[in-house]
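The structure is given below, and queries will be raised subsequently.
Chain naming follows the written order as A, B, C, D and E, and within any one chain the residues start at number 1.
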Amino acid sequence: MTAAFVDLDRVTLRYGAGDTLALSETTMKIAKGEFIAVVGPSGCGKSSLLKLVSGLMRPSTGTVIVNGQEVTGPLKIVGMAFQNPTLLPWRTTLDNVMLPLEIVEPHRRRLRGARAEYEERARAMLASVGLAGFEGKFPWQLSGGMQQRASLCRALIHEPDLLMLDEPFGALDAFTREELWAILQDLWTRRPFTVILVTHDLREAAYLADTIYVMSKRPGRIVHVRRNELPRPRTLETTFTRDFTDLVHELRNHISAVRAAQDTIPEDAR
Amino acid sequence: MTPRAKAVVDKSMPLLSAVGLFVVWELACRLFAVPEYLLPTPSASFLAAWTYRDAIWMHALQTLLTTLGGFALAVAFGVLLGALVGSSRAVYRAANPLLIGFNSVPKVAVVPILVMWFGIGTVPAVLTAFLISFFPIVVNVATGLATLEPELRDVLRSLGATRTDILLKVGFPRALPFFFASLKVAVTLAFVGSVMSETVASNLGVGYLMMSASSRFNMPLVFAGLLVIAAMGIAMYGAFSVIEHRSTRWAHRGGESL
Amino acid sequence: DAATSLKFTLDWKFEGPAAAFLVAADKGYFAAEGLDVTIDTGNGSAGAVTRVASGAYDIGMADFNSMMEFNDKNPDKAMKAAFIVYDIPPFSVFALKKSGIAKPADLAGKTLGAPVFDAPRKLFPAYAKAVGVPADGVTWKSMDPPLREPMLMRGEVQAISGFYFTSLLNLRALGVTEKDLTIFNFADAGVSLYGNALIPSPKLMKENPEAVKGFLRAVVKGWRDVVADPAGGIQAIRKRDPLIDDKLELDRLKMALEMCVLTPDVKADGMGGVRPERLAAAIDQVALAFGFARKPAPAEVFDASFLPAAADRKLTP
Amino acid sequence: MTPRAKAVVDKSMPLLSAVGLFVVWELACRLFAVPEYLLPTPSASFLAAWTYRDAIWMHALQTLLTTLGGFALAVAFGVLLGALVGSSRAVYRAANPLLIGFNSVPKVAVVPILVMWFGIGTVPAVLTAFLISFFPIVVNVATGLATLEPELRDVLRSLGATRTDILLKVGFPRALPFFFASLKVAVTLAFVGSVMSETVASNLGVGYLMMSASSRFNMPLVFAGLLVIAAMGIAMYGAFSVIEHRSTRWAHRGGESL
Amino acid sequence: MTAAFVDLDRVTLRYGAGDTLALSETTMKIAKGEFIAVVGPSGCGKSSLLKLVSGLMRPSTGTVIVNGQEVTGPLKIVGMAFQNPTLLPWRTTLDNVMLPLEIVEPHRRRLRGARAEYEERARAMLASVGLAGFEGKFPWQLSGGMQQRASLCRALIHEPDLLMLDEPFGALDAFTREELWAILQDLWTRRPFTVILVTHDLREAAYLADTIYVMSKRPGRIVHVRRNELPRPRTLETTFTRDFTDLVHELRNHISAVRAAQDTIPEDAR
């Protein structure tokens, strides 16, 4: 059977009582081990979508099914990098990254015995995103981009089955960003997990994702789904290929259409 | 002012202000010829403290231990109840009126009941110190937990953390500044409680000392007792102010200037 | 011209023995003397002494012996009583019969309970001397007044000291009758102290002696009325504190009258004055009990010059 | 449980818990045959409250007004001092030991002094309520200000705002949850203070009522007094709990579940 | 005389006692009314630089002079959009945007009398960034990108002489971003104020700035200054011109060089 790993069925999300409609009739099916990207205009409900899938929020109508089970509360298999880094200010960067290991099984059980080993892993991970030497610093002693990278490490450290990244590279310069693309792709190739990536950078989506979902303006709906068959592993060279730029261009046009078209629809349609 | 000079002034501020208070107090007493039975001069009080130092030492030790006992109980119970109240709306609604009601009641009224149950001496004093001081801890811990930023909570929830995990990993750390603020209030209340209980029924402790001194019209000794309590309160505060400084540096990262 | 206003503090709450003052106020005896008197409740004798000494009150009802102790500690602020209210103080020691205390000497080695500021407790050394118990032969436990009787019943202490009428009535309220009790009155052992007195502030005595005299005249009238009609006195209290138990306060008032006010001396001399030889003896005993630095002369503690004429001080026809 | 049923249970929680307490108390008294002078039953206390309702009403009104007076003073002074202490390290260091010392001292010891200055009655009661209740406000306001996130402060500083501006625009709003937590503690303390002062020196007020009842061993009336104070405390709390809810919704945006 | 409006002279910034060196010997001269952009790798000290210029922090050595006066404390002529939106959570979006008007003269004085008028201005500004209808919402009811736009409005509302923008468009999709570029350029053309823009988007820098400063890795220094003479007003068409793409490419190469070169220099060189 090929049931989807993540399955959203006509999901609607309303904040407050009939106030703000964030998502409207969103339907998505993501296979196990698939890397998908979600793009769409600001405020269209991308972050809300992630919160629904991870179980942090419940849909107003419709169902969210992950791994065959309806989501009724926070999942235990998720690694999430929030749009804001939200590092805990009373923990050092290293301790922030180690946080999931203190919570999620089986690491939690093993942590006491193998702390040194786990710490080594966290340090290596921080080093890989360019934060070697900052393990002992507190989050508020890091620059915006550094916080974001630490937050990314925290989402990855416990090797979750479902990874959710909400604009994880937004505060980074192009080069750091591209380096991290490669690192992330590496990780994913070695141990395929399911990834939902929210991004504004179409090149990022095209570089990383198997499937790209384009969302409409608020209230968000999936208006376009685009398979990305570019061969893996993709490299910086790939980004200079014709296929790549065409893909980016195509996505661009879709979003452009979305933005223009919807301006005539009343704000809180439904 | 050079930074170094500033730091020195800063360090000696507490001393300066205390000395200042005593000087003003002494001068006021002398200038307005305030009679001793109304308000003794600090010098007379210090003299009395020195004269009766052995007795004061004994009584102060008793009061200190009693207070610490009650305070320890209050911290344990307060944090527990605060966690319950702050993390569950139902407990909050159920417990709040009872807590508020209980705490509006002067504990002086409760001491006699405790004495009747437990006899005269240390037990009612410890219990009074406990009963009077746990409430601020409950309120502040509960508030700290209730005002936890949902963003921080979501970090834990997204990992599938249990309620206990969330409490331990973000609730408590986040509530620490609230908690320490309440400790400052609670420790002073604990002293008030134990001393009060000693004045009501005991043969030991600074409360008894003050009561007996006041019945003999020895006001300097009464004030010596007050000063000793104040000093113990400050010492206690100083002790865990160090702990506060270490454990909530992140919250005070803004430094001094507003 | 306008009435002189005086602030008067009682030694304790609005209870039976306070009736005379309230009657004097209600019936206009103070007003007739050109006085506007405010009567406030007190919190014990020691408190009343300092309230007057500090100038917060013009006149106070307080234990004469406590006043002497205050004078000893504050010689430059020494005060004088102008009127003795309790010719014989109601100082007593109570024990439960079942504790085996039958005579004063049995108190030796026992534990007694009372507040530290309790006058009978403070003067116990005088009593102990009189009955032949070594003064340090008893252990004291300190407690607030309302705890005293319950602690006696609980067995925490074997005896308590207190005012006769207060403790007896309290014990009654707790279900103890007189036949279960051994009661020792200080007066019975030959401790001839004076009890509560009216103490005007030195300032008032000096600046407005007429006001003091008028006050005392009115007070005597009040007492006379109360002696004649105790129940009427209770009504005056009821006006101030509607919560009182009339029967209880009436009992208390009657006991006070009988034991402390209508004494042989008062019947003979009238209320308020002192007998020099008794005063001298009392000062001796108090000085010993409190360990005074200096024994005061009688004239230093009592000033008879404000008393109404002896004939006007008679309470009974 | 349906959400509606849940909401009903939720709403009635305070009532349920109060009733529960009274039932347990009544049963305990009856089962263990606790003598009335030790602990009267709630039914006897309520009966006493009803019997003496006129007198209680009069005394309660006095106590309420006194407490409100003292509490108002405490809020004004506490916020002011808290602002000073929380926004200046020098003031903090100077004032802290004095404050802690003063608050470790039982206020019972201070009441007689107040009485000597102001006579017995309303003034010392108001002042005692004030003196006993301002400290938690100071501590919490100061802590709220001192733990202000520097990021928020910088928003104002970058506009060239004055210290006062910063205090008013971010300091106070940010410290509001701390402030309200302290109000809950302070109002109960204010009641404790005024009642205490009334027991020591007053002819009026619930404190006097309780003192006079207890000196006659009318324990049901004493407890009626305690219940009345508790009720007033809860009512006061309820009143500004509404204000809290309105003004710090942003801080409680996380909702109920921890 | 042509004294610089903002003048940094060999400015060094060290956090903590000899701990982290964030800026090292940075020298910049910005003319009045100039629009400059600062680009550089993540963590190189760009945000710190803004804090120095606005007076939120004092340099460890060197001097910062703004408008002829050495900066010793926060300036009163600044509008700043922080890297994190840092909206005050107890204020609605509208009230957040109005905040500077309550602080900065002469608006402060006028506000009481002309509140309706000022409110109108704030609403118009919010509408121009696509936030019409969200005036009454609290910041935590906005999406990340919406918060960023509100924060931008707050920086502009009081028409500051010196505008500092710390990655103001980082959380926005490409289209919204480009719209805002145009709006910002418009504002600046109509009433020239001095702008310091920190960005990771080289196209953004090339579109908006007169001068582009390239910073080295931490400890940050200015390694390259590039005048951008592209004709104004620039439009989306400009971004497709040869000159534009060449400029972007050139900047890219500079940063690439910076990243590569410095890896051999010890972390806390000085």
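Everything that follows uses one rule, which is that a residue touches a chain if its C-beta (ideal position, glycine included) is under 8 Å from a C-beta of that chain, and two chains touch if they have at least 3 such contacts.
These numbers were taken from a predicted model, which means no experiment stands behind them.
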| item | value |
| --- | --- |
| Contacts common to chain B and chain E (chain labels) | A, D |
| Angle of rotation relating chain A to chain E [CA atoms, steps of 5 degrees] | 180 |
| Chain separated most widely from chain A, comparing mean CA positions | C |
| Dominant interface by contact count, named by its two chains | B-D |
| Chain A and chain C: spacing of chain centres that average the CA atoms, whole Å | 85 |
| Centre-to-centre distance between chain D and chain B (centres being mean Cα positions), rounded to whole Å | 16 |
| Separation of mean Cα positions, chain E and chain D [Å, integer] | 48 |
| Overlap residues in chain D, where contacts from two or more other chains coincide | 38, 116, 150, 214, 248, 251, 253 |
| Multi-partner residues of chain A (at least 2 other chains) | 84, 140 |
| Where chain C touches two or more other chains at once, by residue number | 50, 54, 146, 150 |
| Chain-chain contacts as defined at top | A-B, A-E, B-C, B-D, C-D, D-E |
| Sites on chain B touched by chain C in the complex | 35-38, 111-112, 115-116, 119-120, 199-203, 208, 211-212, 214-218 |
| Chain B-facing residues of chain D, complex | 9-11, 13-14, 16-18, 21, 38-39, 86-90, 93-98, 100-109, 113, 116, 135-136, 139-140, 142-143, 145-150, 153, 163, 166-167, 171, 177-178, 180-181, 184-185, 187-189, 191-192, 195-196, 199, 207, 210, 214, 222, 226, 229-234, 237, 248, 251-258 |
| Chain E contact footprint on chain A (complex, rising order) | 15, 20, 39-43, 45-48, 83-84, 130, 133, 137, 141-146, 149, 166-167, 170-177, 200-202, 252, 255-256, 259, 267 |
| Contact footprint of chain D on chain E as seen in their complex | 51, 54, 56, 74-80, 82, 84, 86, 88-91, 99-100, 102-104, 138, 140, 158, 164 |
| Contact set on chain C toward chain D in their complex | 7, 9, 12-15, 40-41, 43, 47, 50-51, 54-57, 145-146, 149-150, 170, 173-174, 240-245, 248 |
